[in-house]
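Lettered A, B, C and D in written order, each chain numbered from 1.
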């Protein structure tokens, strides 16, 4: 039984951490950090937890918290952890950061896309990018700091990764058109996120400028072995949860000019994901749907080859709050502490 | 480890049984019955179960099924189980019926509201009405047949039960205005249940004629010790899951003409529900919301006294597919077989 | 062609005024008042009006505005108009107030329910309650000030009015269970109105304390000829527009103890609404649905008699932003200025 | 005043024709054709039309209908009009076909994508493709037969047309990722279109095989002056109305290797759409949203240049039932009969 603290426990990702960890057999939550609701009962802020969580919200006293717990999850705005993390804290406890502060290795790119001066760039190198299906070994060995991947990025990367890694698609042609439920926008009170503004509406946003772009590019660049530049367009969908990524790329033709076959592509996906519990490559002909993974840590993936254009259309679906945030953070924790990777995460998707 | 069969496994309530039972430690599902999808993989019908359930759907061969399993759940249309159940089947296995066939003790009332001739009225008497919080003893002792309560009825009854039982409200004044998500209408392909017909829409239906009315009346009649006649009005809400019951009744004044106080009413709710894991009486001032119980077996209850009119407004919220159907059925199974009543049901509500 | 000013033009009701008035043949909007968006293009705040409205938002300079226009619509928070209106302003222009400031004749009741000290109680008496179907003569004669009814109240009153007026129901038994789309909550950025909080959720609020209660009671009291006290419970529904009121009351039995018949009740509704363009009494058996009136100025009404309980269930549906706010305000303006009552309001409901 | 008949008046597109034409000053609807609801009152099928339309639905007697009206709208399944249309009918009345039967000039491509044998291929050549903003002259001159464009196609084509026509993008790189509300799936009772299946869900469908692909390719091919092959991926969104097309293409670099500028691109859009009432090119930085055009005949368009990849992201939004179906059909009728092109179509988008 380890002790856990959550900073940002009353945001949507933080609340999802509470939901998952409250049923995790190896964990006890000791600290529900929330600047906005200090001293209020957690269950009065998230009433789904009524009679499940009895604690009150606490302020973000990171020093005190670090002394008390074995791991701290930070579900906080960009720049928060980067601004306070240091050797002393890291010597006391482990950190799993759900923000972007330690995800991007090139601090210039981070500062350019996030418009934030990084306060602890010296720690970036140590941070392990916690995309378990790709970096499991490093995560398992990580002793102090995990950079938990973004929601769009987890979906976008896992969907294309095997084909990039094996050189089956041309990364320069990659276009990711992603659609997200509204919980991705957080619980801040803003007019564009009001029910009446989102319901019965569909829009793109952050076109050619969304911050998850360089994160996808960096990780796919490692897979490709060279710099990758892509188009990434997020869209807001009138639903609570779920991300669907529709990805387009030109297939690399064989020497004889022919395209890779359905079977060949499928074999590559199998190679990477056959033993991955949380990645489900669907049978031919079935398109991933966000509802089929809702509430779970699964990513559903499939693809269609378009012979006419020589492109492949890859599709991935996940729950942005689970595999795209809190579930993946718990998966990282499980690996770091040597627990069963699935502990607390055998959540069956809820339908309808 | 007991063996379980489900008839009607591809309806929404059946699918919820599969979701819950797939993580139940004492249970193995042996039979996924579905007339409409015989020989199809269950996971191709409900793709949330992909890589979780490997079985195919089977026809409704009740004789064969009864030989193989310890309990059969029937999530079937009204009249189905009533038409086939007999002593021989009951001697082989237990039945938990999610339809209304054995809920109403007075067969005339059943036939009048359901417009169905009951084919096995001799079995009604034996059936135990499986509202665990009220009939726990009988359920625990039930050896053969449970009539699992309806979704509206579970919500409506639990919300008013303590006050009816203790004589604090006048049952003749009881009005239940209930609102349900659309999964209550089932998975049948009908125009009124199409997305475009339900979305951005709100309506009453079955006004003064809905079949759950006599079921509520019978059970509250037992509590009141006399015949109860109520108004019950269901409404269709553009959401997947959830029932909210808003109930109105005149408070019985004390000898001095005063109304019962907030504390007195609350004490009565405490008396009945303090130790009930799945019933949460909310703190004063908080109204139940369906979202806070979604995906869980909880019922959230609260009330407001209106001094001006002398009425009490009681409110209850549950997930119609869990506490209103499959969750309650599993709770009944747990009691019948002597398992921990909460096994498989410690589902944390999913928000948002 | 008259000149019109709108204060509060960037709230949802104000925007609906703009939508309707932009196609009104007798009207030119001269002033788009909005404190929050002064000097911004109106069409950049409400982009549906792009290339339709070219004006910029102006501050709330009521003195200047009163000199320029023939009528001012105030779609403003409670207390705003009450705090600034005076004889001088009323001598210059007409006012149609969409807030509650002049709706309730008894200033004590207003102050008690709204927790606001009324700043101009001497003007309340003059104000005409602008429920056109009931007060058409007074509205037509109104020279200076209309109190435009609330959304819940318009629906609740019109649904029950004929039966109260004709003494067919006992007003002391009246219970109004109302359900509203989320636009009724306004465009303010508040957590409870975020998409993720409202979607897939249903709740009651303001139970036994909602401010529209005394407004309904006052108007139905005029109809009954005596003081009326009711229960009114509003609910929030995950949809943008629409109010559905489900109303319960005991029918007054005839001398022989029998209930009024379906035909008798229907005849009373016909008597009051047969010639009312905006009130549609539906054929027997059809329940009003909010979607069927969306975007229009219609109220759809119907009822069911429950012989078992002696109660009648009345149902009414309208679009809270049209007949419940802006549409009714325009209808009032049309009557005040002698225009065709339907001008600008022959909006066909949009389905689906 | 012309006389109009509608075949398929009880589908969603047919009902939208009724909504629009019921307020059109030059038109009288004489025939509400609906095989499924013969002899039922139209207003009992579409209750929004209660007290607006008094007629009953009639069978599809095309011979009789052709004698009675000046123009017939066919909002019917693929193959219907193709199977019955002939010279005799065309000699009696005009046809505006909302199906795909006469949209594609190459009958082989039609038969290949639609899996239907075309029964009247000799009439295809005469049919005018009724995309008014592009083919206004031909539509104006059309005497007998208009092929009304598809919903996805109208949006996809108008969004990219100016840049294809002017050679600013490479058509071989064009990828259209489109998102549609559920009314596009029609009113047929099918499980995948049930509320509970669509709500809280997002999916692609018809990947690399959707029938609107060749229609887009043909029309953009005319603009490009050469054969165009694209990727087109439709998605189903949990909303009633609206299509959003997000389109990606490589910009054609200038001789000096530089990309076209924002101003240059904008000038090209202006050139084509400046005088188009129903096309609104938004100010820089504003992304089209479906809600801002809902219920109207507008298409909102904008674009973002991505200097990093050399691609342009074009976005277009329309209401699939209006500009994507019925509204455009009425626009075509207006042009054919010499009415004001905007008559009946000055519908202000309804927000929220």
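Some observations on this one:
To be clear about the criterion, a residue touches a chain if its C-beta (ideal position, glycine included) is under 8 Å from a C-beta of that chain, and two chains touch if they have at least 3 such contacts.
Bear in mind the structure is a predicted one, so any value in this text is a computation, not a measurement.
With A-D and C-D as the two chain pairs, more C-beta contacts join A-D.
At the far end from chain A, in terms of centres built from Cα atoms, lies C.
Distance between chain A and chain C, defined via averaged C-alpha coordinates, is recorded as 46 Å.
Here the CA centre of chain C is 37 Å from the CA centre of chain D. Look at where the CA atoms of chain A average out and do the same for chain D: the two points lie 38 Å apart. Shown for chain C are the residues that touch two or more other chains, namely 12, 183, 196-197, 199-200, 238-241, 289, 291, 294, 352. Contact residues of chain D toward chain B in the complex are 12, 181-183, 187, 189-191, 193-200, 238-240.
Chain D makes touch with chain C in their complex at residues 12, 15, 19, 22-23, 44, 46-52, 183, 199-200, 240-241, 280, 282-283, 286, 289, 291-296, 300, 346, 348-352. Within the complex, the chain A residues that touch chain D are 175, 177, 179, 181, 196-197, 199-205, 207-208, 229-231, 233, 235, 237-242, 244, 246, 248, 287-291, 294, 304-306, 308-309, 311, 313, 315, 317, 352.
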